[in-house]
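Working notes for the structure below.
All chains are identified by letter, namely A, B, C and D, in their written order; residue positions are counted from 1 within each chain.
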Amino acid sequence: MLHFDCDYMEGAHPEILRRLAETNLEQTPGYGCDTYTEHARELIRRACEAPGAEVYFLVGGTQTNATVIDGLLRRHEGVLAAESGHINVHEAGAIEAAGHKVLTLPEYDGKVRAADVGHYIEEFYRDETWPHMVAPGMLYISHPTEFGTLYSRSELEELHAVCRRHSIPLYLDGARLSYALAAEGNTLTLPDIARLCDVFYIGGTKTGALFGEAVVITRPELLPRFFTLVKQHGALLAKGRLLGIQFETLFTDGLYLRIARRAIAAAMKLKEAMLAKGYRTHVDSPTNQQFFVLPNREIDRLSRYATFELWGPRGEQESIVRFVTSWATEERHVDELIGRL
Amino acid sequence: MLHFDCDYMEGAHPEILRRLAETNLEQTPGYGCDTYTEHARELIRRACEAPGAEVYFLVGGTQTNATVIDGLLRRHEGVLAAESGHINVHEAGAIEAAGHKVLTLPEYDGKVRAADVGHYIEEFYRDETWPHMVAPGMLYISHPTEFGTLYSRSELEELHAVCRRHSIPLYLDGARLSYALAAEGNTLTLPDIARLCDVFYIGGTKTGALFGEAVVITRPELLPRFFTLVKQHGALLAKGRLLGIQFETLFTDGLYLRIARRAIAAAMKLKEAMLAKGYRTHVDSPTNQQFFVLPNREIDRLSRYATFELWGPRGEQESIVRFVTSWATEERHVDELIGRL
Amino acid sequence: MLHFDCDYMEGAHPEILRRLAETNLEQTPGYGCDTYTEHARELIRRACEAPGAEVYFLVGGTQTNATVIDGLLRRHEGVLAAESGHINVHEAGAIEAAGHKVLTLPEYDGKVRAADVGHYIEEFYRDETWPHMVAPGMLYISHPTEFGTLYSRSELEELHAVCRRHSIPLYLDGARLSYALAAEGNTLTLPDIARLCDVFYIGGTKTGALFGEAVVITRPELLPRFFTLVKQHGALLAKGRLLGIQFETLFTDGLYLRIARRAIAAAMKLKEAMLAKGYRTHVDSPTNQQFFVLPNREIDRLSRYATFELWGPRGEQESIVRFVTSWATEERHVDELIGRL
Amino acid sequence: MLHFDCDYMEGAHPEILRRLAETNLEQTPGYGCDTYTEHARELIRRACEAPGAEVYFLVGGTQTNATVIDGLLRRHEGVLAAESGHINVHEAGAIEAAGHKVLTLPEYDGKVRAADVGHYIEEFYRDETWPHMVAPGMLYISHPTEFGTLYSRSELEELHAVCRRHSIPLYLDGARLSYALAAEGNTLTLPDIARLCDVFYIGGTKTGALFGEAVVITRPELLPRFFTLVKQHGALLAKGRLLGIQFETLFTDGLYLRIARRAIAAAMKLKEAMLAKGYRTHVDSPTNQQFFVLPNREIDRLSRYATFELWGPRGEQESIVRFVTSWATEERHVDELIGRL
């Protein structure tokens, strides 16, 4: 059976495992106060060209989103996000559990538009009952989005500008950031993102790490005492160096991007084959998540050979499906899948 | 430099690393729905002689305590705990962040007494203003305690009885449970604990795992939809099998206890040497945490060779210090430390 | 200047003031443990034909919604409500502040449809990722809605049925319940509502009281220790008898309905006059809130004589406005307003 | 039966009722945007000699404490308070429900000492594990305390100084502030309090109002968007003018202090009589709450004629009881009680 369900089905890149084994019996202080973690921070600052940034390592995406958003918002504020944003759908209410409303914006293939953000905020304050409503206190975006799509540099610049104009922080969820950076046609570099976002995270779980997300805070004054908040959210790893070592490895010799490119190549090969077969994409994604509209018959047939995700409800004749490649996807598996189409 | 600061300074037991490497490129579903995790659950149920128990694997202790306690309490309730309980001191307010008060009880070397629990609850409901106060909704204990001490079987039976009598759940924080089970004079087996507690967790982080805590729920009706709560608390690991594989390894061939015994032996050797030198213990602990009262001069001198923790404020002449051994402590290091006394 | 902004611009019905004055220097225990409050509870139980119901008196609508919903939901659950529901818009995030997500349903003139409720819940559990999402844990409706519209008896029976089928409680926000009960064509009596809802409240603030909402709990097992929760939410009035006396007065000699009828008559007179002038309603409301589409010119002109609310953004040529009558609206004021059209 | 249970057993001062009746049918905007409320704000600013202060009116004490503290603290912070502080005991966990820990200090007849505050904060940051603990983020005091005792001006100056030194706000709960201001030997005026506290509230419920507490914010930058927070906490009264009118009345012609003095006189008369009978006070309170140690026999006998509160558990021979007078206490009732001793 071939597996294209998601990008966290394997363990870690072998180089990461090697480094974990190599350092295994060394003794280091806990909670990220070790030299591996410090080095990883430095590598990330350099990759982002953000020497003043603070970098924290957390374990998973939901806890990262919950902790950062909780830290950025005041009690009377909510977070603006696309209707389809991960925090609005698949995080079991973690944002609300910390007391904050998710204020939804229309989504266009998973993306929000600066004009909609501006419109929301302006209409909000134009409504004279606004003091009775949850104030838009920050903007959350995901890049790539939940549909695998990407913001262009000018789009992110516009989002940055509208947030600055209204004095709210811009936070980017980069759970799959590697696949954005490695995508063909991508116009946003890590330094761009660091320049345009107040906080963002670089996902490790889905790109070669056993687990781990690196939170980059380019305006540290927005998140004072973040360490304590991480602890309060249960997101502080005792053996913090495990995160440091993993990100140190990913940000050494360009490993992070290199392995992401493999996933992209596999995804593009699959997309071309699907299009060649006459199927159409549901969304045109340049990253490792691919969405196709397939006849139900074809879905049922393919399911005998491969696992993938039914995206949304099954249609009458055809349905949307998602195939995901990862840093670990082998070319022969893609070829085998294509052969089954 | 010798390190006796805590029991999470190293990575994982080599056997665990070996298993992680061996299974590294296998593809499994996420979130603990894989066969390794299922097998680990089964091994733990068997070790606990609790075939009906539910078992969940979380990453760390604070998140485990916060999630379990949040699930067990109703909104108007708080959690009874020793004044010195970890949840009351070193978890950055994670319990309160989820809306619940920690109701403190006197501690005796870190332990609470059944009589105090009963007294608290009875006095609470005797006070006619009780509807204006936070109701005691569960009991939290740690075993070993934060002072390394242990409940005896009869003590735990009494705590169980008083909780049953007042219809509140009993929850045991077993962050260092291995070191209790392996301690000389210990009278509480895993099946005892499973029989007497409604929920408890078996700590992995401090005993051979990279990370991980196994929550055992012997009365699953108390924690409905626990999976969603784990997700909401940001405590659900994407690559859940990493937890399954680690606990599978720990609960195969008695590894969990075996490596704990090493730590105990090292701790006992250190204690004997200290006593032989004429120093006294602050608390008489049979587990891997040892507390001594040392002259400040001796503390300063030892600090040149070893790291350990100053426990509480420094006294005028002498102070309390904590030395911790772990599954990874090597005998020669203990010998070297003893030689420096 | 004439005022039609809302239905809480005046003090209390004179009879209520008279009773407050009459009893002013009596001494009673606090927090609703007095005989006036007990009597008010009994009168409400009788009016609802619900002898087993529990009745609590709170001060205002937002705190009532927040407290009831917080009590009804488990931590992993959210509340289903119309997109336009008061809890989703104008309560400053009070539901989220207590940790719960508002799960929105389409609204039809402010109402939700049983079919949509059923569809939401069925689709939710059909999606295999549901354990990662906020579970629909109760249904919130307002009656009259925020648009002044009413559920019919059969509609409420359907909502009741779909909630029962999926084992979630049905909660009705009756901030303006009097105006529903007094409306022409209304098919839902208080006993109907008590039979079909698990919890609801009878609004006092907008119908003759200085303040106060009576929460009726027909299934008390759903809200154990509600008193403590009320206190925790800061919603417990020290001089609780003030609430008891007000509701006792409202539920004596049919005052509650009698004064609501006056408001309805005034609203109907205004509606007829508007329609006669050729203006159209935005929503066809049989209650004390009336929504009209007026030319901006007419709005500006009327604003010189009367205050009323611009409902939503101002259009290019015409806009939606809301006029509200109340138990205190005087007929001559409506006549004067009509004269100005 | 005579009643000395508490100071909220009656309605309002007749002058307040008169003003409410007089203005009853006037139409005003809601939520405190009316001219009565604006006038009341101005009167309070003047009484406090704090022209730049912001003033908000809330309904009750618990909601006021919960809202202010929630607004002042960041997520990682807790509130310092006396062990006996109202927020720590009798508010059903309202502070924790909003996510914050109450950090307790020793109490001396209900008061905290500046030295203890300083010590707590210094020891906190001296402990190298402080980032894992709840940071002391503000100081809560009550004046009079729960034991009726008062801070002297120099004591409050010291508390102010220690808070400033450590950059945390000082908040004073003045539920019974009138009885402090009116007490013999009191050294703290309203302007003193306004000068020394960052936020405090002037209690109305217990001094002549039906309900209501006036929050005075002398450093408004500490509580931005407080209106929305009040709404979110369910603490915003729709007919806000009811609060404005009551405080306007209380702060006109010195009514607030005048009626408090009556209560003090009654309390002093009772104290003298008790002492003359040979009974002793439990705490020497100069305000309207009096605590005596009485033989149980005397308690039982008195209970036939009067209601009062058993303070804490009943002793074997004698117990502590609380008698409370209020603005409404009549001299003849005190005389009658004294006659029964």
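The rule we apply is simple: a contact is a pair of C-beta atoms (placed from the backbone, for glycine too) under 8 Å apart; a residue touches a chain by one contact, two chains touch by 3 or more.
Remember, predicted model here, so these are calculated numbers, not experimental data.
Chain centres here are means of the Cα atoms, and by that rule the chain farthest away from chain A is D.
Just to note, of C-D and A-D, the chains joined by more C-beta pairs in contact are C-D. For the pair chain C and chain D, the distance between C-alpha centroids works out to 33 Å.
For the pair chain B and chain D, the distance between C-alpha centroids works out to 42 Å. Chain geometry summary: the mean Cα position of chain A and that of chain D are 49 Å apart. Multi-chain contact residues, meaning those touching two or more other chains, occur in chain C at positions 75-76, 91-93, 97-99, 131-133, 228-229, 231-232. Chain contact summary for the complex, chain B toward chain D: residues 75-76, 78, 89-93, 96-102, 123, 126, 129, 131-134, 313. Across the interface of their complex, chain C is touched by residues 3, 5-6, 8-12, 14, 17, 20-21, 23-30, 59-64, 66-67, 91-94, 97-98, 205-206, 210-211, 228-229, 231-239, 242, 328 of chain D. Chain B makes touch with chain C in their complex at residues 70-71, 74-76, 98-99, 131-135, 224-225, 227-229, 231-232.
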